[in-house]
Amino acid sequence: MMKKASDIVSQFKRLHSHKPVKRDLKLGKAPGTVTYLGRRAGGKSIIDSLLYDPTVYKKSEVTDISALASPPGGQQTQWVNIVGLSEEALMDELGKSIGLNTLVVEDIVNTEQRPKMDEYEDYLFLVLKMLYPDGKGKIVKEHVALVLKERQVFVYQEVKADVFNGVRSRIEEHSGRIRSRGADYLLFALVDALIDNYFLVLDIIQGQMDELEKEVYTRPKTETALKIQQLRKDVITLRGWMSPAKELVARLISTESPLISKDTRVFLRDALDHATEIQETLHIQRELAFSIMELYMSNVSNKMNEVMKVLTIMASIFIPLTFIAGIYGMNFRNMPELEWEYGYFIVLGIMFLLLVGMLVFFRRKDWL
Amino acid sequence: MMKKASDIVSQFKRLHSHKPVKRDLKLGKAPGTVTYLGRRAGGKSIIDSLLYDPTVYKKSEVTDISALASPPGGQQTQWVNIVGLSEEALMDELGKSIGLNTLVVEDIVNTEQRPKMDEYEDYLFLVLKMLYPDGKGKIVKEHVALVLKERQVFVYQEVKADVFNGVRSRIEEHSGRIRSRGADYLLFALVDALIDNYFLVLDIIQGQMDELEKEVYTRPKTETALKIQQLRKDVITLRGWMSPAKELVARLISTESPLISKDTRVFLRDALDHATEIQETLHIQRELAFSIMELYMSNVSNKMNEVMKVLTIMASIFIPLTFIAGIYGMNFRNMPELEWEYGYFIVLGIMFLLLVGMLVFFRRKDWL
Amino acid sequence: MMKKASDIVSQFKRLHSHKPVKRDLKLGKAPGTVTYLGRRAGGKSIIDSLLYDPTVYKKSEVTDISALASPPGGQQTQWVNIVGLSEEALMDELGKSIGLNTLVVEDIVNTEQRPKMDEYEDYLFLVLKMLYPDGKGKIVKEHVALVLKERQVFVYQEVKADVFNGVRSRIEEHSGRIRSRGADYLLFALVDALIDNYFLVLDIIQGQMDELEKEVYTRPKTETALKIQQLRKDVITLRGWMSPAKELVARLISTESPLISKDTRVFLRDALDHATEIQETLHIQRELAFSIMELYMSNVSNKMNEVMKVLTIMASIFIPLTFIAGIYGMNFRNMPELEWEYGYFIVLGIMFLLLVGMLVFFRRKDWL
Amino acid sequence: MMKKASDIVSQFKRLHSHKPVKRDLKLGKAPGTVTYLGRRAGGKSIIDSLLYDPTVYKKSEVTDISALASPPGGQQTQWVNIVGLSEEALMDELGKSIGLNTLVVEDIVNTEQRPKMDEYEDYLFLVLKMLYPDGKGKIVKEHVALVLKERQVFVYQEVKADVFNGVRSRIEEHSGRIRSRGADYLLFALVDALIDNYFLVLDIIQGQMDELEKEVYTRPKTETALKIQQLRKDVITLRGWMSPAKELVARLISTESPLISKDTRVFLRDALDHATEIQETLHIQRELAFSIMELYMSNVSNKMNEVMKVLTIMASIFIPLTFIAGIYGMNFRNMPELEWEYGYFIVLGIMFLLLVGMLVFFRRKDWL
Amino acid sequence: MMKKASDIVSQFKRLHSHKPVKRDLKLGKAPGTVTYLGRRAGGKSIIDSLLYDPTVYKKSEVTDISALASPPGGQQTQWVNIVGLSEEALMDELGKSIGLNTLVVEDIVNTEQRPKMDEYEDYLFLVLKMLYPDGKGKIVKEHVALVLKERQVFVYQEVKADVFNGVRSRIEEHSGRIRSRGADYLLFALVDALIDNYFLVLDIIQGQMDELEKEVYTRPKTETALKIQQLRKDVITLRGWMSPAKELVARLISTESPLISKDTRVFLRDALDHATEIQETLHIQRELAFSIMELYMSNVSNKMNEVMKVLTIMASIFIPLTFIAGIYGMNFRNMPELEWEYGYFIVLGIMFLLLVGMLVFFRRKDWL
């Protein structure tokens, strides 16, 4: 069982890479220094462009970064997708080309950056966390940075994730409003897709919680406590991310930036509603996890009670009986009972009566 | 006992269908897509109309949806009741006919939507949760959506519930103010009926809590902990619903919408009072549930103490006596006591004195 | 002991009649319906009047309700005391006569109404809870409603309680300011008397807490946990009442109503101070009750430790000794020690040494 | 040990005279009635005066109360110190002489009054709690009331305490700013002295906490839990006093009263800083006390584990061995082993192997 | 093990020198008295100056304090670094020379001063705590005071720490913006360096937490509880410092002082972000530490359960068997079984069957 402990520990490791992998790389460096902090160093960055308006739909790979410096012609909206953030020089160059503050570029490649929104004169900068189940019951966390400029949205990701596929196909299939609205609506659609995905994570957590509660009640094991602990850590960590994420959406709604139209704010209010709901659900789940732990503790105590009862019953019945047998096992010369014809059977009878008496006693105490 | 565990689990399942049944159906879809999320797919929707003013009272089934597009003639008030939300196309059509935003229709059929209020130019939209005991000690939760337009109130429900019967008969019997006041008063009456019903649920919970407290004190069992856990979940879940519901009523009072008259706001303040009281009662019940769990834990420990005392008394008395018997059961050639005329009786006497001494000792320790 | 459990439960039942006795009577009725919810149905209502100014002092029973419709002549102040609220029709009539909103009359007879204050054009309406010890160590809770009109104060009670006696005799004996000030000062004096009475309740609770703490430390029993639980419930329930009561006083101070003079507001600030102090004391008592429970739990564990030590010492000493005796009780033909002249005494000596060694071992472990 | 319990209880009694000694004396009396509530009834009040300006320094006992009615001549500042509050008539007379509201005089002699500040037209009234160690490790709490008038500060105390000695000698020795500044600076100096003294109390509590933590870890006893409980009560009670005290200082800074000069407000901000620090330290100490209790509980469990291991090892080793001895102690006629030449030694060998096996087993389980 | 306890206690002592070493030195002294409270009395103070602008870079030791009274010539920025704060007279002189309020100088040498910011007419005063790992796994805390004047920053430290080395080399190597910006940017860079260093401390704590969690699960010992307690104290203490530190940065951003330029405020917002993140991480870590303690408690209970099961199994199997052996060890004259040819073997068989039955029973109960 001891050997399995480490397996279980690793099996449940998922959201908790609290240890910022290379945070100390940044210590002492000037603010604004572009330093990649992720776990995927060495990969190539791929930059894609998606241009659309109600009639146009054009997908292409971006090779010339300088082409991104100005918004697309006509009333077209451009979604620039950057996958892979480890090429610090490229990130720096791209940032300069589209006019980003170096502090912003620093935050783009800082995969440990918590959710936030910064407003600049001609663009908005957002950092969010993307969460999705990896299919094996684990939850994967990814860093996503978004830049909204006039008619352009830049999406920085570490890996190409499915979470934006819905938005992509809505654009491609011209379904819903998305093709006829601007970059701010695209930004909303992306943020909304990210937040909606949190519900999946909540469902997974809730499922595990329900399962654990059952396990706690029917067959609590030592590992169960660790699983509960793991769930608590998940919930605590998610709560730590949701509060800045919600604040971010609230600020998107209330910002005075002309980049966000009044129409889009109505939709954002819906996203804020979802964020609030997620936060409250996490609050409830935190309390539930706490109470499951208490249930576990009470069941451990109950199990111990059961063990103790077995011991007490066995010992209380047989120790006195053994004592009686011990008496008549003594070797005194003068022990009249030993000479009786039916002494042995009388003693056996007494023992039997004692046994029955004990059983009745324990039955009355409701221990049997 | 193990087999009963699952029964108990299912027996107590009631409010906690946290698992949004088909939430993933919505992932990736554009906001505003009308997707029914409830458990009653396939049913037919029934639309009823109730027209009244101080003199008129007319009940009818609605077959032509377009007739609902404009308010009734004269100064009549119309209560449109829609039971059954699973016909997505019909819901969509009805929504368009009466001029609802698609986001609103989306929320109407989203049975997992938490309580909220949205203001639009010419209507108010409310989502609330209806709770009522099902007669078998369980609590049923239903999704209710309300739309207030000029002289019209639309009530969307999944099933026709008794909770609005009181309002219905007050209209029919012309009792109270309801016939002589407008649609906003009707909306208030409906919201008030929903909220008042929560008191019944609180009473049921309080009753179960009192019963559990008694059970905890007189005969705590393993299942008791699960029942406490269940109550805690109920209270936590209800609290999660009450806070947006209360906020909703507060916003109804403070809204600048001309749809709510000043007179009705006075009544709404009463409903807000009730919502506050419910919230505070839930807060108290949460603390009580927590303290009942602690009481349970302490009683489990006390029971174990009792078990241990029995074991300790039995073992402490008979183990030394058995040892003495063991000594005189030894087969040494030279054991003078064995030859004594009254050796056996002396030893029996010593054993008896020891027994009495032990009993006195335990009596003094208050263990007997 | 099992039989006493229910006694103890009932003995401690006092504040917790959470179960609104007839709340369901009101379900479905229109707001503003006058429905008595108390436990004293069937009694007669008695209406008394007390008229005073610095020179006048007149006590009388009120038989003609209509005489209460207008303020008394001159600059006299009138204290109308209504004892007994179960005559719904009379209450309704009285309310109409003095111009109360039906919602107000509904709240007057709703003995479950939590503390609140409502402002109307020409009167203020207050609901408070009166608490007083019944002399047998129990705390009685009563519903009190107050209406302040110009130069009139109406006090609605279920039973005539001592709590206002002080105010009554101050008026009678012309002591303090009360005779020379108006109805608002009378209202303050009544509210102040109610709130001051809470201190008595706090003192009773504190006394019980101190006693329990002592009991927990010196002789924790199973009932002790139940008593702690009871105290916690008292404190939690009182806290639930104090927060609206405090808010009520704060609103009396800040109201723009001309019924409350500036001078009286200075006195009310003192009452607010008291309410704040009560609230904070309850907060402290809640924490204390929680920590007493923890102390109890730790002492239960300590007691169990003590029990276990006795068992372990007895078993650890005598089980090995019994084993040795068992060895020499074996019947092998060839056991040289049995034939030794002093074998028996040598074994007794070894046993004695073992016993002493064990005692030293346990002494070192600090178990003896 | 039972006898010591009460000693320990009394030894730790210090801050917790929650029981307002004579609060019921006040029930039913009119607000503004001067009723002494302290524990030092019967003593004489002594009134001292200290007059100073940069050049003057005059100490005297006050015999004529009416001389205090007006501020001293020139630009002198007067510190009037009243020690002993039980002479209700004198207090009343003094109050009237210097123009205090009767509510203020009531609060001056109410030694249970919590910290507060009241502003009147021409004076400010403050109540604070003075805490100081009594040299025997206990903490003494005293009621202090302060009145600031133009160029006069009245200090009401129950006993003459050392806490203001520093201020006294700074005036006498003309050290620091104090002689050249007015009455408001004197008030600040006194409040600052009171608050600074709290740090001493915090240090004592912290010291006891550190000691307890050590005791919990190295030799937890039953009394330890009571000591922790005592510390928790101290911290909770202090917290209950600090929050109104801090609020008081904050209001002194923000008051519009011309009695407090702008310069003095800068100094008061420093006192506010200290009050904030004390409050936060108490918050930390509350958490620490809670965690020490948890540590205690875990160590009690660990001790029990240790006890159980000893029992289990002893019983598990010797019970089976005794069983084997029991087998060969049976008196069957036909037991071949008994006749073997080396039967006895073989059995002894088997027993030894079993013993070693058990020891290895427990060693592996890490129980030895 | 008892001896190691104190070692462990001292090994974990690090942040918790709550006991202000010489706080009582200050009691009774006038506010503004310069009294050194640190642990490094007797050392010499060293004052260094660093002068720079985009072209100039000049390092020198300051011997003439009066030269610091006015800002450097041209547009140069001066960083004055004071290491060693125990020379009270020198500190006083330096303070007077550069025009600091005595309250400020008092706070500079008060090494127990909590983080704060004070604004004066021509300078800003900041106190912060510097934390860094000492290389042996312990965390060292140092007091740092900063004064921002026009084109001058004064840094007061007790020891020269590495934490500012990054800033120093950025100035020396002319990297980043620092040389071309003013004193306010230098202040920001120093505050940012201090706050960034907290992340290292968080990482250390997180690492220890992860390790402890593992230890709790795989091999919980008595010391483990103490280590968890230690971590909790660290987290609680850090939280106590972060909240004023964050407030300080927020006030730096919102101050109306012209000493902070608009550009620098943008950078400070980044520092505020970091402070918020640290605070939230500490909040999470507090919850984690709490849940690790619970996990520990549950594992202690589990271990006890395991111990009890071994005892119960051993006792339940062998006590009844021993009883049977005891029966046939009795010396009754008439015991027919003893005479049977195969009596012994039959009894052995019965014993074996009992043993197997017991094992099956415990296996079913899942105890084996």
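Lettered A, B, C, D and E in written order, each chain numbered from 1.
We take it that a contact is a pair of C-beta atoms (placed from the backbone, for glycine too) under 8 Å apart; a residue touches a chain by one contact, two chains touch by 3 or more.
Keep in mind that this is a model prediction, so the values were computed, not measured.
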{"item": "Graph distance between subunit A and subunit C, where chains that touch are linked", "value": "2"}
{"item": "Rounded Å distance, subunit A centre to subunit B centre (Cα mean)", "value": "26"}
{"item": "Computed distance of Cα centres, subunit E from subunit B, in Å", "value": "42"}
{"item": "Subunit E residues counted as touching two or more neighbouring chains", "value": "297, 301, 304, 308, 311, 315, 319, 322, 326, 329-331, 335"}
{"item": "Arrangement of touching chains [line / ring / star / complete / other]", "value": "ring"}
{"item": "Successive chains around the closed ring, taking subunit C as origin and subunit D next", "value": "C, D, E, A, B"}
{"item": "Residue ranges of subunit B in contact with subunit A within the complex", "value": "2, 5-6, 8-9, 18-20, 23-24, 26-33, 103, 114, 116, 219, 222, 225-226, 229, 232-233, 236-237, 240, 243-244, 293, 296-297, 300-301, 303-304, 307-308, 310-311, 314-315, 318-319, 321-322, 325-326, 328-331, 335, 337-344, 347-348"}
{"item": "Contacting residues of subunit A [partner subunit B, same complex]", "value": "165-167, 169-170, 175-178, 189, 192-193, 196-197, 199-200, 203, 206-207, 210, 213-214, 217-218, 266-267, 270, 273, 277, 280-281, 283-284, 287-288, 291-292, 294-295, 297-299, 301-302, 304-305, 308-309, 311-312, 315-316, 319-320, 322-323, 326-327, 329-335, 366-367"}
